[in-house]
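Both complexes shown next keep subunit A, but they swap its partner, so subunit B is in the first and subunit C is in the second.
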Partner chain A sequence: MITKEATVAAPAPAPAAPAPPRLAKKRPAWDEVPRWQVYLPLGVYLVFTLVPFYWILLFSLRPAGSTSLVPWPMTFEHFEKVWTERSFGTYFGNSVLVGLATLVMTTAVALAGGYALARFDFKVKRVFMLALLCSQFVPGALLLVPLFEIFAELRMLNSLGSVIIAETVFQLPLSMILISNFIKNVPYSLEEAAWVDGCGRLRAFRIVVLPLLRPGLIAVGSFAFVHSWNHFLFALMFLNNQSKQTIPVGLNTLMSADSVDLGALAAGGIIAAVPVVIVFAFIQKWLITGFSAGAVKG
Partner chain B sequence: MKSSNRSSSPRRRRTPAAVALGAVLALTATACGDDGSGAGGDKGAEGSGKGKIVFWDNNGGVRTDVWKTIIADFEKANPDIDVEYVGIASTEYQSKVDTAIQGGGLPDVGGVGAAMLAGFAAQNALDPLDDRLAKSSLNGKLNEDMVESLKAAGGDDGTLYSVPTSANNGVLYYRTDLFDKAGLKEPTTWDAFFEAAEKLTDKGKNRFGYTIRGGAGSIAQALDAMYGQSGITSFWDSSGKKTTLNDPKNVEALEKYAGLYKKVTPAADLNNDFTKMVAQWDSGTIGMLNHNLGSYQDHVKAFGTDKFRGIPQPVGSTGKRVQVSNPVDGLGLFKSSKNKEAAWKFIEFATSHEQNSKFNESAGQVPANNDAAKDAWISEAEPTKLAAEALTDGSTTIVQLPYYLPDWNTVSKADNEPNFQKVLLGKMSAKDFLDGMAEELNAAQKEWDEQKG
Partner chain C sequence: MAQAAAVAKPPAPPRRRRASATPRRLPYLLIAPAGLLMLGFIAYPVISVFYYSLQDYNPTKPWRNGYAGFGNFTKIFTDDPVFWDTLVFSAKWVFVEVGLQLLFGLALALIVNQTFVGRGLGRALVFSPWAVSGVLTSAIWVLLYNSQTGITRYLADLGIGSYGTSWLSDTSTVFPAAIVADLWRGVPFFAILILADLQSVSKDLYEAAEVDGAGRLKQFWHITLPHLKDAIILSTLLRAVWEFNNVDLLYTLTGGGPAGETTTLPLYIANTSVESHDFGYASALTTVAFVILLFCSIVYLRLSKFGGDNK
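Take a look at the complex of A and B:
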């Protein structure tokens, strides 16, 4: 036990000499970094990334049988062929319809479900969240036959509706979790203030919360669109009529059992990729913000 | 459920109702599908011989145009029947049919080749066609070997589940300009083939004598080269219980064939499926390619008709040409069809002289209809003509691969293609590879025999 006297009697220890400030490792300024250290790795990465795309472009633009490494003489015959003879115009329209419908339905339902998860407590909430997460581990192929039977019972086989529903259902868990995290990041006091001003819950949500969710909605919506745009399995299995098939299924039919038209396949690949590239070019700013915000647990 | 905060129930329910209504309307607008009737076990019905039938093409895409022409002719000749065409890529056909067998939605008629026949027949999805064929005008007009091949592929009870439309055949494509330049003779024997492969190779100039198939589909091609050299003419020994696959002559032949890798072929061949292999050969720096008749038009696009030829596989040291069987393609009638009479009319029409000729001229394959096989276009498409001759003039012995074994696809693809890559890389001996595969096949055959009783 330390007594007062003892404390008083004891000579105060001499204050330790202040430790010399640790020299923080100075990050080199941009101007001090040799340019090759920046551009060489980036260049190598770009080569690996872009060469396959160049190859696709090359095959789509050079005439059949050409072995030239540049697309010259240039021809658009492969694009004409896939768009008209191979019905890619129809497939494109169907893919746009499926993609937009999935986007709207996924975003709308995920918004409602995500709000409930973010703002309400209920008994089985943790179990529900766990179930949502677990559903992500189930591959679509495993549910193919049950889904097929359900849509057959509903007389929805060979309809784009079946693909839209299946895509929406598979997009919802992740979308709901992401949206609920976005909503958690919006201070509840903002909603309360709106209620005090006379808004109901729905109006407060629409006026106050929804505008703040724009990055999140763009992230979730674009994810749903791109996933359904690229998804092959459901469209292949649920759609029979050629006039209802989508781009990925159309691409697949360009490869036969023992022959492949590489020019047409490359042109089809470009047609399939362009909308996704355009979408990402426009929304990349919000997409990065959205995903990083949604990843933070509220 | 309770709100974690002050509860304020929304009064306005119009917005969610409108969203729900919109979703329902959107789905309704995109609906109007079929009822998906017709699963594997359904017995179906003869029907009236009129109305709509659905046809699934097992190699959709490139053959869509010719099938649509045939269908248009059929509908003109049978105004009471409508045919709905569904083109499905060959790679996805089996899974689509399997799903429909389980869940419903099978078509009336479908492409059913030898490679898939055993699986569909085992699931009781196909209608036996022997009686219909016996009463048909087609009786006796179809290539007997192809009919027998499809009967064998459907199981061992000799039932015909698919009417043959065409046969494919292994072809050795070689660049005539490169051979002439190097002073080489046509590679009609395996010895000439190996010699040419070496002489045409100049790795420094990125020129190779041959392109080998090391990726998907490698086994069938390796077996073709192996039996072709060894001259063994049967897949099973005299007891019918042990395969000849790992016979010492076959082991020696496979060693020689696999030894071509990297010596006279590009190193990238290790992952060659047919797409890469054909594209690589069409790029113009490789002397020879083994593939089937199906890629002939691709080569014509790349080289024209004067810089290459497609000839039957080389003959071995025994002086005989031995080849493994290529799957015969055909049309099957699904048991669940509610309109079998109309469906059979379509099968009959599609395999008739004129239509079968039209189809095979477009596909570049050997017609199943004997009259179609005599048509003029055959002599203009040299590889098809030579293949048809080789298959019918007695110069070729076909080693029938056991397509009837339910495990055949697994053994010859998933289980052993990676092992064949090890053989190419020198990490596994040809003997170990063949012994392993033979063991699997002997077990599969034993199980098959036991199931038959």
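Take a look at the complex of A and C:
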């Protein structure tokens, strides 16, 4: 299924089967890329990519103390332990909440702002665009201290709200630039036609523009989710209460223990990886089309 | 019910007219949420960092708090060897990491841009580490580098190296070890961006080049690379800033050690604020990091003539 999607995404010859002969016909024989030049480097790189994944899977499934290179006999004791004893169940819930809230907030706020940037000329637009670009250079990690103070002032320390806001804010600039580029790619005349047909601006946007933005919004939204799911320092800094912490913080706790429980660490890592890997498998196609539509080209 | 709908309908046209007749206020309303969030949680913190950089400010030693003038900055430049060490390491880290990621990312993008059987699956697999977090990357590589049960043990079984080798705690191997771990996650980022940009190269150009008898290498050099130029400049810059700023991986993988060997400037700042709570000094360091970053970015964009000829 993934294979099919990727082939459609590329503007290359549509059906996969007749493609090689067509290529061969077009190119002189001496100039065709030999198959081994594709498969060999790809294979080598795949080994580099997959061995670490296999390694963590292996450690999470084989009994503690085993040195076997295959996870057999298989055990789920590490998962049970990490999920209950090490509270990864709680962390998982918190991370899901943070990820989804960040996704919704980032997409909604960036959609509104991106629409304004794409469709209107207004006084502070240039300043605002400049601010968006400059904010790319402001490292979240370096603003830990003042952000900590702000959330302390707002009495939001130890609540997931602080992390959600911080993640959203640092996702916003890039998301907004991307979305405004996506919107610019939708001809304004389509919207105007809808107004003539009696739609309000909002309705016209909803039925004409929004469907066309789908790949872009999926890319931006999943970006926001994956980033906030993965990000570590804000949660580490703002959440002290163990019941409020997120998965990356939990992983860090496992790693910084005096004697690291490798099986538990591996199982925790798998739990951390599963949602993003699923998200990634779904968005892979949109990621590439979405980016080529709006990311790099102005 | 139908009546109510009929009654409700007439007011609609004026609303529409109002919507398109008052775009004056609308854009401001639309950017207001984003603007307010960024003012409150980016602009204000940035300003307060500048303010704190001129203060002695340590919540655990409140009796020493107060205006410090440029004291913090004097200390950074004249009396803090750690700062210079971390600065040098940051430069080394960013340069090697971004350079290798670009190289491998470009190669990978060119490979998976070919038409071959299993392309979709191949792409999904080689890109997958992109989605993995810094902390999880650390967890994975901690397992791989573990001296008792990691890769080195199995290599030693095969007669390569010796038992008990820990690449992360040896000052001579920690740098390449950390580089490889971060490459694992960073290469897909470049590959995805470059692959996306490769989709928009006009096929006609290649066909024309073929008619002129240009080989693959020439086509790459004269068509593909110039087309990718802006994307490469932008992604290397964004990535360099990101690699400089992001402390997740090093914080959890090496903790900046052994012996401060892998401490970047932001990691030093994070440690200064998280561990010693010296917020004033951390703010001054942040200011310096910010200025360095801005300066390097401007120089880079100038030197690379971003958005120059081919637009």
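Everything below uses one rule, namely that the second predicted complex is superposed on the first by the 258 of 298 C-alpha atoms of A that agree within 3 Å, B and C clash if a C-alpha of one lies under 4 Å from a C-alpha of the other, contacts with A are read in each partner's own complex, and residues count from 1 in each chain.
To be clear about the criterion, contacts are C-beta pairs under 8 Å (C-beta built on N, C-alpha and C of every residue); 3 or more make two chains touch, one makes a residue touch a chain.
Worth saying up front: this structure is predicted, and the values here are computed from it rather than measured.
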{"item": "First (subunit B), second (subunit C), both or neither touched by A:38", "value": "second"}
{"item": "Which of subunit B and subunit C A:268 touches, first, second, both or neither", "value": "second"}
{"item": "Contacts of A:164 with subunit B and subunit C, given as first, second, both or neither", "value": "first"}
{"item": "Contacts of A:145 with subunit B and subunit C, given as first, second, both or neither", "value": "both"}
{"item": "Larger contact residue set on subunit A - subunit B or subunit C", "value": "C"}
{"item": "First, second, both or neither for A:127, with subunit B first and subunit C second", "value": "neither"}
{"item": "Residues of subunit A at both interfaces, subunit B in one complex, subunit C in the other", "value": "67, 112, 119-120, 122, 144-145, 149, 165, 195, 200-202, 237, 252, 254-256, 260, 262"}
{"item": "Subunit B - residues contacting subunit A, complex", "value": "1-6, 8-12, 15-16, 19, 23, 26-28, 30-37, 54, 56, 59-65, 84-92, 95-96, 99-100, 102-105, 168, 274-275, 278-279, 282-284, 291-295, 297-298, 301-303"}
{"item": "Contact footprint of subunit A on subunit C as seen in their complex", "value": "12-13, 15-16, 19-20, 23-24, 26-28, 30-31, 33-35, 37-38, 40-46, 48-49, 52, 104, 107-108, 111-136, 138-144, 146, 149, 151, 153-154, 184, 192-193, 195-197, 199-200, 203, 207, 210, 215-216, 230-231, 234-235, 238, 241, 244-248, 251-252, 255, 266, 269-270, 273-274, 279, 282-283, 286, 289-290, 293-294, 297"}
{"item": "Subunit A to subunit B touching residues, read off their complex", "value": "64-65, 67, 85-86, 97, 101, 105, 108, 112, 119-123, 144-145, 148-149, 151-152, 155-162, 164-165, 188, 192, 195, 200-204, 236-237, 240-242, 249, 252-262"}
{"item": "Subunit C partner contacts - residues on subunit A that touch it in the complex", "value": "2-7, 9-13, 16, 19-20, 23, 26-28, 31, 33, 35, 38-39, 41-42, 45-46, 48-53, 55-56, 59, 67, 69, 109-110, 112-113, 115-117, 119-120, 122, 124-125, 128, 131, 135-147, 149-150, 165-166, 168-170, 172-173, 176, 195, 198-202, 226, 229-233, 237, 248, 251-252, 254-256, 260, 262, 265-266, 268-269, 272-273, 276-277, 279-281, 284, 287-292, 295-297"}
